[in-house]
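Next come two complexes built around subunit A: one with subunit B, the other with subunit C.
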Partner chain A sequence: MFVGLPGQGMHVHLDALSLLFLGILLPQVVAGALAGMRNSPTFWVFVLGMGLALAAADAFTLILGFELMSAASWLLVLRGDQKPATLYVGMAIFSAACLVPAVFLPAGSIAFLLIVLGAGAKAGLAPLHFWLPRAHPAPPAGVSALMSGGMVKVALYVIIRYGFVVLGPEAQPWWGGVLVAAGAASVLVGALRAMLETELKTMLACSTVEHVGLIAVGLGIALRAKAMGDATTAGLGLQAALLCAVAHGLYKPLLFIGAGEVKHSVGTTSLNWLGGLARAMPRLGLLMLAGAAGMAALPLGPGFAPEFLLWHAAIGAAGTGGIVARIGFTALLALLGLGAALAIGAAVRMFGVAFLGRPRTLQAAAAEEGERGPLIGMALLAALCVPVALLPNLLLDALSPVIRLLAPQAAQPPLAYAPLPLAGLAGLVAVGAAFILYRHGVRGSREVPAWNGGFGKPPPWLPFGDPATQPSATGFGEPIARAIGRGLLAPGGADPSEAFLLAPLARLHLRGVRVAERIRRATIRQRLAFIFTALVAFLLALGLGEGG
Partner chain B sequence: MLLNFLLRLIATMLHVGLTFALAPLVMGVVTTLRAWVLGRRGPPVVQPYRDLYKLLRKSTLVPETASQLFSAWPLACALSIAVAAMLVPGFCTGLLTAPLSDFVTIMGLLALARAATMLGGLETGFGFGGAGAAREALYGVFAEGALLVVLLGFGLLAHGVTVDGIAVAFDTQHIGISVSLGFALAAMLAVALTETGRIPTDNPAGHLELAMVHEAMLLEYSGRNLLLLNYAAMLRLLLWMSLIGSIFLPFGMARATDILSWPGGLVLWLVKLAAMSAVLPVFEVSSAKMRVFRVPEFLGVAMLLGMLAAIFLFVAARIGA
Partner chain C sequence: MSLTFSLAHLMGGIILVFGFSLLSQRRLAAMITIYQIQAFVLSAAAFWQGYAQHEVNLYLTGLITLVIKAIALPIGLRMIVAKFNMIRAVETAMPVLLSTIIGVGLIGVAVLVVLPSTLSAVSLTREDLAIALSVVLLGLLVMTTRRNALAQIIGFLSTENGLVLAAIGMPGMPFVAEFSVALLVLLAFLVVGVFLFRIREHFDTLDLTGIEEIERRGR
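Entry: the complex of A and B
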């Protein structure tokens, strides 16, 4: 081999874990290509990098693929917007600086922490998630879809590969605790920001932070339980994390491609400027509704089974271990409940404000149905959501080799949530209700002006009524911003990690630059004086050292 | 074996039939008793049935600005509440739906109904619906968190989280009266009051638009759509009563496979429902409706109580009490 480390070359090997993540990647790549990225070579390099990272059998190939993915996605982000691209490349360099030493270090806690820092920064785990809501919305929709649905999964794959397989024998219970803590923070911040952001793609990116957090919580619970020998909880945590990765890889790209179509058709993705799109774009509306149901983790949708498993895993984890850990898991459960309800609120807000209601602008009123290619891509993803939503048990059976690979002793109980019988019960009730309504009720319906609390018809020069009288996305999030946002977010509604981590770093950087600039501008006399002082100090130290 | 299955099937059908038939009556009893406590005569207890029949005979109006999904939301709301009501055991345990009655599934179904109602409120894009939906989202956030920690306490005590399993465990095992269960009950009652839209968080009889939450989302609905939404609200009240009854008052619940225990179970179930329908209006009349932004504090206390319940259990397990 002429590439790779000298004397070692590059190796590719596909095991169950790699195949699973390649399987998660495939439909998104097809959908992204259909969404208009077919002719972009950078896009295919990006895909190649992800594939290489997933198929790698040695550390060098893994890093090569990972960095190829980072570099290509940076170019794609740069094409969309320059400002987040700088932030993005900074994060990519940081994650490389953590990953490269980590993969060559001997197995142990330092290596694991570096992996979590490096890959976690790439996946968008709190507190290193601040770049994600800025960078993911920047490129075209097909790339955003693949970054949110695929790239973060590759980063999580690295965490899984190293945490469970490569460093597996050295695993400590607290490693899981680190992942759970980072994941829980991501869930809370991601879900809260998704509820408050008014830009559609940014909001979807925040929701990605939340879902990455959910996957990390599942992985953390499993890692901790595996190290403590709790077979049931380990199995539940892994099932939850992997199923969540599969489901998220379907509905999030769908939503991103849909957001791209909204942008294409209306010219903006600000929720406050949309409205009533379900009438103008009925097909896109239905597909987005399917995606929103997944994002909200509602029953009979693709997102519920992972959430169900995760809650059970957290309840199981709270039943074992020391009392502090148990109290921690109790708090985690409260937090997961908050996050789940916030996700529902965010999904309802996204669909209710953008697709229902009345148009808020003339552009939204004149929107036309999306293009064929992206719609086909979205339909493909939505079709794949159906088996995930209705047959999660079959999917868990298919995941069982992966779980055996990651935690050989983990128990894999069958899923206690059965969507098909629930759907059957709902069908029975629906038949009964339809019988009563159509047998005894008045059929048909009449279209009338909305009652609107007794206000009259809108005037002819405002056919959809005054947009200012409609509930806006900002207004919808206001109660939650007041009740929770004030306590959790930084002043002004900024992301806490941005305000408390990024801003101090930026200030530090500025101060460093000023110092460097002062040194650069020093006159020759100052420089000579400096060298002379340094020499004297050095000789003095040397002399004192010799003498003492 | 076959006999057992048949008995369980009959018990399930009886449970479902009674639940669906009694839901308006429970609402009627609560409304009438509330009027009595306030010193009024109040409507007859069968008034909800008459209202539902009236809505059945009314024509259905659809606003011009609504999307084609306008009628889907009431249906989704009613169906998910109906399925949840089929899962929660009423007069007996061991129904055919018992394996499905995981608490998390029921929480999910209630959340689905809530999401459908919120989308219905946002449908026409008029102010009240949006305000109601935004408040409902706020309440839901705290209610779900509180419910999940309460569930942890049940899971620790009953070693399982299906409602049926919790009911059986609390009925047969000697749990005793513990502080944890008291906290859990308080938390659960707070969530139940919020979810069913009763005072102190929402006023079911209120038509003062600024203060409405649940009613505000239904303003544009009429005819059969309103019928479905109103019936779902009645069913939700009965569901929460059955849920609290089977978890906190599980004594005397019948076994589905033992037909001789059914009459006793049925009578006790009706007595429990009647008692709760009597306590609810008294509580409602003796407390005032909260401001919207006090509700998160109210539910936050519920969440803390739920956490305390779990923590007390941990401590008790530690000291071997």
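Entry: the complex of A and C
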């Protein structure tokens, strides 16, 4: 990829990597358009920017597309709320300030670090992820879906394109270490916050931070292994990262569009105000269940194969390098396990609190099934999830040209996880059990006292039951908050990067503003004195310099 | 030849002493008088340099200095003082002792800067330049330490005297530069005079603290 300048015209070229990411983008765009964004020109400019960034063959076109994407998405976030949009645009400017010099620098470590800073901030890699749980939930659901599923992928594409292809010959093993560290921190913080967050869309955005972290860990392991000449681990890491990107690009937009439908129907997305939606919105509930299965990385779901591969890659990486690297990757395994457990918890909590149980409010009780368009979009995404979930082997074969492009020497071992026979076996067992129950089970019905699902008896003045007798989303998260959250999150449950990075920056900014304001308000005599002092200091420096 | 040097240095020294006493003088009328004497000495220095360097231009400079700065400007300043009834006005923003100490420090800075950095130059210009820079810095100090607009103008004029002193000590300085500086000072004086009358109309005083207060409140 050459630099390219405005006078030279733009160059577009599609190779296997670009095609893969465009393929990830396409179903989301269709679903987002179906979810009500069809008539918004800004939405299509946003899509165009992403497409341009993915198809670019020179750095100038890439940056142009990337910034077009940022600007259009800022306008779309602005439709939701002003504060997150301001935070978001600040982050976008920071990312541009890192990326623009990076593409003009000679290939080397500084260029790579700037790329990771700029694109990583855009993708939501820790510790620059604090904007994501605020900005992604703000716009309409179709845009949230595309931002969470598509835009972070474009940023990751920039990291992949530069880390593996453009700067590939200069790659050092520690580059991968940087990505792994940032990714591991994202996994931990994202999963933990997803488990504790009580706002549905914010919780989904936190889960996006976690999945971006997983992809970055895979990429980092592959980059390190490639630089060290470890063919198997490089192949496994790339397989894991790319498969995770494909899967996440399907189920996360699905969940976001579903959250938009919930908001449309109930009027809120706060989990503490929902409940029992599966009864009122059965189709939406089913589709959200499919998405939650993907998010939880359960076996037979679309999210499991990437995690499986990632564990294999981490185990492979733990067997190479010095003692520090071995200990680090072993710790990474434990951390990935914790992240996966928290992700399951978050998915179960989300579905259980919002869609099962009893309605917690009148609005939730009066919910109606969502509109046709968004449901069709969600169904499309869910249908695409099925082959990803059941036939990951075929998908990996399709990914092999991309992996050959990124790491030509990487070995691509076949996947040791076959969900289709597994699903067949499970189905066989279920049919057999049903048959045995039917043949030998107890006939007739039996009267037993109602267990009532663990609820207390509703008081007569509350027809839907007392919400307080049902555990809330906050209540489900509380044990985790006490066990892990206190140690990892900032006081009050705030995001650590917000408390330790954003807040000091804000204080610094305030101090700078005060100084500037004092300078601006200076009187004539103070200004004279200032210039005079500067002159004397200059003269003194000159005299001392000459004399010495 | 040695008489040339010593007389030029003597006159420079006298100008410096007057610049210094400008700093410690608190009454406006006395400041104007000091400024006037400083300008007289400056014109004499210009005449002497013209005689020593055999330059007609320097006689012209001396003449301009004499007419504009030693006669016309003090008359104008006195008229303003009489008009505003400020003959007995006393004001400073800084204790006189402190400003005097700072002034001594500034002269040290000027010597420290000029003497080492002009080692290769002729000795006539070197000491002259140090004195001239001291006068400029002292004038700037007067401008920053005074509250009264008129005192600030006198500081400004004294700064300009230092510049002219540097110019006449430098052989080969074009006459245009000195002439334009003199003209500029005259114009600046006219403009500032108009401003003084406007300020006086609005605030009944030439103390700039009032303006500063309004600036602070207005924003």
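Convention: the second predicted complex is superposed on the first by the 524 of 548 C-alpha atoms of A that agree within 3 Å, B and C clash if a C-alpha of one lies under 4 Å from a C-alpha of the other, contacts with A are read in each partner's own complex, and residues count from 1 in each chain.
Methods note: a contact is a pair of C-beta atoms (placed from the backbone, for glycine too) under 8 Å apart; a residue touches a chain by one contact, two chains touch by 3 or more.
Because the structure is a prediction, the values reported are computed rather than measured.
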| item | value |
| --- | --- |
| Clash-or-fit label for the pair subunit B, subunit C on subunit A | fit |
| Partner chain(s) touched by A:Ile519 [first = subunit B, second = subunit C, both, neither] | neither |
| First (subunit B), second (subunit C), both or neither touched by A:Leu505 | neither |
| Which superposed partner A:Thr330 touches (first subunit B, second subunit C, both, neither) | first |
| Touching partner for A:Leu544 - first (subunit B), second (subunit C), both, neither | second |
| Touched partner set for A:Phe532, first subunit B, second subunit C, both or neither | second |
| After the two structures are overlaid on chain A, angle v-u-w for subunit B, subunit A, subunit C in degrees (C-alpha centres, nearest 10) | 140 |
| Which partner reaches more residues of subunit A (counting touched residues only), subunit B or subunit C | B |
| Lowest C-alpha to C-alpha distance for subunit C against subunit B (Å) | 57 |
| On subunit A, positions contacted by subunit B and by subunit C | none |
| Parts of subunit A lying in touch with subunit C, wherever the complex brings them together | 520-521, 523-525, 528-529, 532, 535-536, 539-540, 542-544, 546-547 |
| Residues of subunit A defined as touching subunit B within the complex | 195, 275-276, 278-279, 282, 285, 289, 296-300, 304, 307-308, 311-312, 315, 318-319, 323, 326-327, 330-331, 333-338, 340-342, 344-345, 347-349, 351-353, 355-358, 416-418, 421-422, 425-426, 429-430, 433, 436-437, 440-442, 444-453, 464-465, 469-471, 475-480, 482-484 |
| Of subunit B, residues touching subunit A in the complex | 56-69, 71, 75, 78-80, 82-83, 86, 97, 99-100, 102, 104-105, 108-109, 111-112, 114-115, 118-119, 121-131, 133-135, 137-138, 140-149, 151-152, 155-156, 161-162, 209, 219-220, 223-224, 227-228, 292-293, 296, 303, 306-307, 310-311, 314-315, 318 |
| Complex interface listing, subunit C residues touching subunit A | 93, 106, 109-110, 112-114, 116-117, 133, 137, 140-141, 143-144, 147, 208, 211-212, 215-216, 219 |
